[in-house]
Structure formats: C-alpha cells, structure tokens
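First chain A sits with chain B, and in the next complex the same chain sits with chain C.
Take a look at the complex of A and B:
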C-alpha cells in the first residue's frame, strides 16, 4: 500500500508535465486545427533554457520563468513565420511540425551536444508520512500544474477572452462576424500553449535528466492524454492526465513498471476505437470556411 | 435618402465559376431592401463579399463614404455592418446568454451609444427568447435558434443588417413574428438588406427590390414595379407570378 501511494504520487508528478503538454495540444488543435507534433520539442527547449539558466548560477524559479518566456517567444515566432500559412491546410501544418522536430533537436545538439542534462533538485526535502516517502519536488510539480491549469481553466470559462476563444473554436466565421479578431486569438493560443510546454519542460528537468530527444516520448503521451480526454476539450485533457497518472502509478506499484507506457497507449487505442471523440467528447477541430 | 452602402462593379470568381459579374447596388439609409434571384444567382456571395467573408475579385464596396473593399470580417463587423447567415448562426456549445454576451463584448468601443438594446438580456427580451438564456444554444429548436442569430447580429450594434434567408425553415407564425421584428429596425437606426425566395415575405417587408440573375443585377426599383417587370418574370419566375 505504501509503495502504491508512492508510485501514484510519482505517476501524478510525471502526468502533471504530460497534462501541461496535453492542455497546450488540445487548445491549439481546438482553435487552429494544427496538430503540432513539435510540441514535445517546445517542452525540450523549455528544459534546455532552464538548464542553461541554472548552470549559469540563476536560481530555479528565475530559470523556470526564463524557460517559459523563451518557449512562448519561440511559439510566437513560429506561428507568425510558419503555422499561420498552414491554417487552411492543417495536414501541411502537421507535416511542417514533423520537420520542426528534427530542426529543433539539431539546433539544440549543435550548440549544446546530445548528452544528458540535469540540474540539482530545486527542492531536496523528502517527507516521511506513515512510511510513504514524499519528495517535495514532486509535490511542487503537481501543485504548480494544478495552479496553472486552474488559472487557464478560469480564463477560458469565465473571462471575456475565454468566451471569445471558445466561440472562435466553435465557429471561426461567425466569431469574426461578431467582431472577434480570430487571427490574433490563434496567435495568442499558440503562444499560451507554447508557454505551457515551456513550463512543462522546466518542471520535467527538475524531476529527471533530459536529452534533446526527450520531447518525443513526452509528446506521444501528451497526444494520448489529449485524445483520451477528447481533442479540443480542456476539462477532458485534465481528467485524462489524472487517469494516466493513476494508471501509471498502479502499474508501477504492482510491479509492471516496464508495461507503464503500454498501458497509456493501450488505453488511448481502446478509447479511440470505442469512443472516437474521447472520453469527454472533443471538438472536431475548427470549421473550415 | 442617401446611400450608406455603395457596391460598384463587384466581381467574384471561384476558380472558373463567376458568382458575381459586376454588380452595382446601393442601400439607402433607413430602408429595407430585398434582393431576390434564383438559386446560384449570387445573392449569398454578394453578402459574403460585402461582409469580408470572401475577398472580391474586382470592384469596390463603399460604406458611409469609406472604401471597405476586402477588409477582414471582424473589422467590417466593428464598422457597423451586421450579418446573419443562411444557416442558423450561433455557438452551439455556449449558452444563449454567452452567445449574445460575446457579440456585445466585441462590438466596437466607438459603436453607436444610442443603441436600443445595450445588454444581452435586453436583446433576448426583444427577440422574444429571454427564458432560454441559460440553455446551450445547441439544443434550441430551429425557430429559437434563428431568433438567437438575429440577436447576435443585433448585438454587434449594426447600422446596416444583412439577413440571408431569415425565414427559411420557420413556420407561418414564426415568420410573422420575424417580420414584426425586422420592421422595427429602421426605427432604431438600422437599415436592412434581406435575401429570400419567399415572395410573400419580401412583399410584406421590402418597398424596394433588386433582382440578381447569373451574377448580374437585372432589375432594381419599387417592389410592385419589379414584380411586374417582364424581364424579371421571364428570368426569375419562369413567366408566372
């Protein structure tokens, strides 16, 4: 039981990072129809920037913020320079994103080689509660994810911008006729999704060492979570992230840790076969004019 | 009467298909103008080009003396031209209230302040669906959805409203209610241009009619005259009315 609780905690902390990816993926797809597989590399760049900053003596919180800002800026540049031209043909955007994976990986390798990179744990305290060892760094990752996702959720469901965003997701043409600058919202969502990936990257390197290829597995799981929850559905992505964390915790806790990934992807395949729009119902992406 | 919207030589081609081949049309302040024509005559394309949904191939659109040809839809909306689609227009996953709220929030800050329905609630009251405010738009029956579309278009505070087949799919009672609403618009400073096939509706709504055929305007004038124009009878109505 103790081990199980601990594994669930571990599962949830990784699932937090994956949820941050999934939320970005789901928001970007919902509004723009872009399936950006390079989102994992956005995360990796967030890790690298955080690593660079910490290696240069900056405290972790500052490094984390720099990682978020750098990836947000990168998202802005890529959206303006590339993805806005593929909006009408999402398949092209998808293929462009596959190309970006390689480009971003190689830029990072060119400057900072392909070796594993790590930072000292920003929080080293480990609490012992009834035989369960709770690493404070994992709790920090989970709490930060909860806070950021909750803020995103409130922004989307309660604010004027969120309403306009949801309206644009449902029907771009009608939204434009209502006076909503849809193109600007598309850029904004791309930047927001990128910032979340940057945050995920900074939090990931606080948990584990990373390499320039870390993005690949993480983005696959991010997409699995987004698809299980229903692509385009924010609440669904969060709920699916939670499910993934618990499933992975159980599988590791009961001694099948080598099967952990198979469970998540198996779950994704089953959900897609029996509930093609995800457990919580997704959007089919934006309506094309 | 002066023209608030002037369309000159408007052309729109989709690949090899000419949807509009040089249309001239003026909409006067305070009038309800009807545009009729057979299917595929270019009526909806005309609206789409004026409202920025499509860019024109050639020609110009002048709004209150300002050239607005080819500018994006959201800016045209902010300039005071409202539009309701032929299909029911609403955001199905949002509540009825949120739908109208969105349109209200994004109407231009500089928009008219003398507007008769300043709040979402007052708009829903006006179109007659105040009781549905909390429902998701996606579950509304078609007639109510149409009224919501009208509320959305009104919420952008237009001084010109383009209505594309506003009565399509409505029963007689709903159509009569709609006519009653639209007839109040000029009194609130909203000029109207309406497209429809329903001649009874057009006769009760419009004092002036324009007729399109194969992307060209073939008649334009007082409704009674246009309906007796031999060219119109020939082309549009197959010789009988």
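Take a look at the complex of A and C:
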C-alpha cells in the first residue's frame, strides 16, 4: 500500500508534465485545427533553457520563468512566421510541425550536443508520512500544474477573453462578426500553449534528466491524453491526464512499470474504438468555409 | 444624410463573379431592402459590406470613410454589424453569453449590463431562457437572439440577412414589428435582405431589386410594388431567369 501511494504520486507528477503538453495541444487544435506535433520539442526547449540558466548559476525559479518566457516567445515567432500561413489548411500545419521536430532537435544538438542533461534537484526534502516517502519536488510539480491549469480553466470559462476564445472555437466567421479579432486570439493561444510546454519542460528537468529527443515520447503521450479526453476539450485533457497518472502509478506499484507506455496507448486505442470523440467529447476543429 | 454607400462593387468566389458593379446607399435611420431571387447575390453583397468577403473592385464608404476590404472585426467595431443568414448562434454557449459576445467591442460594463436587460425586456423569451444553451432554442427564438446579439454592439448599421427564413407566419409578423422598432429604439439603420417580399415591402422605405448580381431597379417601395417588371422577375417568379 505504501509503495502504491508512492507510485501514484510518481505517476501523477509525470502525468502533470504530460497534461501541460496535452492542454497546449488541445487548445491549439480546438482553435486552429492544427495538431502541433512539435509541441514536445517546445517542451524540450523549455528544459534546455532551464538547464542553461541553472548551469549558469541562476536559481531554479528564475530559470523556470526564463524557460517559460523563451518558449512563449518561440511560439509567438513560429505562429507569426509559419503557422498563420497554414490556417486555411490545418493539415499543412501538421506537416510543418513534423518538420519543426527535426529542426528544433538539431539546433539544440548543434549548440549543446546530444548528451543527457540534468540539474540538481531544486527541492531535496523528502517527507516520511506513515511509511510513505514523499519527495517534495514531485509535490511541487503537481501543485504548480494544478495552479496553472486551474488559472487557464478559469480564464477560459469566466473571462471576456475566454468567452471570445470559445466563440472563435465554435464559429470563426461569426466570432469575427461580433468584433472579435480572431487572428490575434490564434496567436494568443499559440503563445499560451507554448508557455505551458515551456513550464512542462522546466518541471520535467527538475524530475529527470532529459536529452534533445525527450520531446518525442512526451508529445506522443500528451497527444494520447488529449485524444482520450476529446481533442479540443480542456476539461477532457485534464481529466485524462489525471487518469493516466493514476493508471501509470498503479502499474508501477504492482510491478509492471515496464508496461506503463502500453497503458496510455492501449487506453487511447480503447477509447477511440468506443468513443471516437474522446471521453468528454472533442471538437472536430474549426469549420472550414 | 448618407451613412453607408456602396459603389460599383464587384465580388466573387474563385472564378465565379457574384456581384457586378452593385451600388446602393443607406441613410441614417432608414430601412432599406435588397430584393431578388435566390442566387442573385444579395447575401454576398451583405457579407462584403460586413467584411467577410473582400470586394474585387469598387468602393464602400461608411460615415465618410473608405472601408472596402476591412476585416469583419474592424467593421463591427466601426458600427456595421451583420446578423448572418441561418442565425449562427453559438450553440454551446448560453443565451446570456451570446448576448455579451455581441457587445465584445464595447468596454462599458455598466452599459453592457443595462443593454442585456433592455434586450431581455424587448425579447422576453431571452430572459426566460437566459441560462439555456443557444443550441436548445427554437428557430424563431434563435432569430430573436441573433438580432438582439447584433444590437448589443450598438450598431449604426444593422445588416439583416434573411431574418424570416424558416419561420412561421406568426413569427414573421413578430420579426416585422421588431425591424420597424429598431431605428426608433436603438438608433440603427437597417439594410434588409429578404426572400419574403411581403415582409420586405412592408417594412422598408426604399428598395433595390437585384438580378444576376446586378442592381436591376431601385426606388421607393411604393414604386417597386407597382412595377410589372418586378412582379415578373421576382414576386411572381414566372419568367425568372436567374
């Protein structure tokens, strides 16, 4: 039981990072219909920037913020320079994102080689509660994810900007007739999604060492989570992230840790077989005129 | 005084020309209608004025400024608001959210709240359904909501595209009363596109008859009503060539 709780905590901390990716993937898809597979590389760049900053003597919180800002800026530039030209044909955006994977990986390798990179754990305290060892760094990752995702959720469901965003997701043309500058919202969502990936990257390297190829596995799982929840559905992505964390925790707790990847993808296949729009119902992307 | 003027506007999609040299004017506090058979290019002309379609050539001026080719969000901000054909209600959002979206260009929170109440008084069904999803409303209710949502922007020009489409005769009467009220209550001019000629002729002061993308005839409603050509082309539809 103690081991199980510990494994579930571990599962949830890694699922937090995956949820941060899934939220970005799902928000960008919902508004633009573009599935950005380079989102994992956005996360990897966040890890690299955090690693660079810590290696240069900056404290972890500052490094984390730098990682978020750097990836947000990168998302802004890529949307303005590339993705906005694929808005009428989201499939082209998807293909472009596949190319970006290679480009981003190799830029990183060119400057900082392909070796594993790690930082000292920003929090080293381990609490012992009734025989369960709780690493504070994992708790930090989970709490930060909860806080950021909750803020995103409140913004989207409650604020004027969130309302306009949801309207743009539902019907771009009619949203524009309301005076909503839809193009600016698209840029905004790219920046927000990128910032979340940057945060995920900074948190990931606080947990594990990373390589320039870490993004690939992470985005596959993030995409699986987004699909399980229903592509385009924020609540679905968060709930599916939680499910994945618990499932992976259980599998590791019962000694099947080598099977964890099979669970997430097996779950994805099952959900898509029986509920093609995901557990919580997704969107089919924007209606194309 | 002329508020909106369209001169020699040509529009099209791909290789197809929809409007050819279309011209019209709309004055302050005026209700003007564009009549014509299906496929004459009426909706495309409205969508062009609203900024959803870019004109190939020609000029559009609003309140003395050139606005042809401006995007729809800029046109809405300027005060030219289209209530689109098929209502296009945000189905997953509540009636109140739909209304508030109509006021996106405004920042006066008190004024917006007051206008939500005004709309709910003007269209009582919207008050009753305030927290219902837009998609759960009937066709007639959705049309009321679409007009109210358009008015929430406090437009100077309201472009109405087929507001009577698919509505029962009783509801058409209600829509007619609402259109007649818009100028007085909300100070907006109305440019109305309708296939229901009875409705259009009974609310508008002037009209344009469109055929094959061109304005064929224009004049005061009384004159249009009497024209035998119009009857042939449009009302009777016997010799319709479009």
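Please note the rule applied: the second predicted complex is superposed on the first by the 289 of 289 C-alpha atoms of A that agree within 3 Å, B and C clash if a C-alpha of one lies under 4 Å from a C-alpha of the other, contacts with A are read in each partner's own complex, and residues count from 1 in each chain.
In this section, a residue touches a chain if its C-beta (ideal position, glycine included) is under 8 Å from a C-beta of that chain, and two chains touch if they have at least 3 such contacts.
Treat the numbers as computed from the prediction; the structure is a model and nothing was measured.
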Overlay on chain A: chain C relative to chain B, clash or fit: clash
Which of chain B and chain C A:121 touches, first, second, both or neither: neither
Partner chain in contact with A:277 - chain B first, chain C second, else both or neither: neither
Shared chain A contacts, counted only where both chain B and chain C touch the same residue: 160, 163-164, 166-167, 170-171, 173-182
Residues of chain A that touch chain C when the two form their complex: 160, 163-164, 166-167, 170-171, 173-182
Chain B - residues contacting chain A, complex: 51-53, 72-74, 77-78, 82-83, 85, 89-94, 98-99, 101-103, 105-108, 152-153, 155-156
Touching residues on chain C, where the partner in the complex is chain A: 50-52, 71-73, 76-77, 81-82, 84, 88, 90-93, 97, 100-102, 104-105, 149, 153
Contact footprint of chain B on chain A as seen in their complex: 160, 163-164, 166-167, 170-171, 173-183, 289
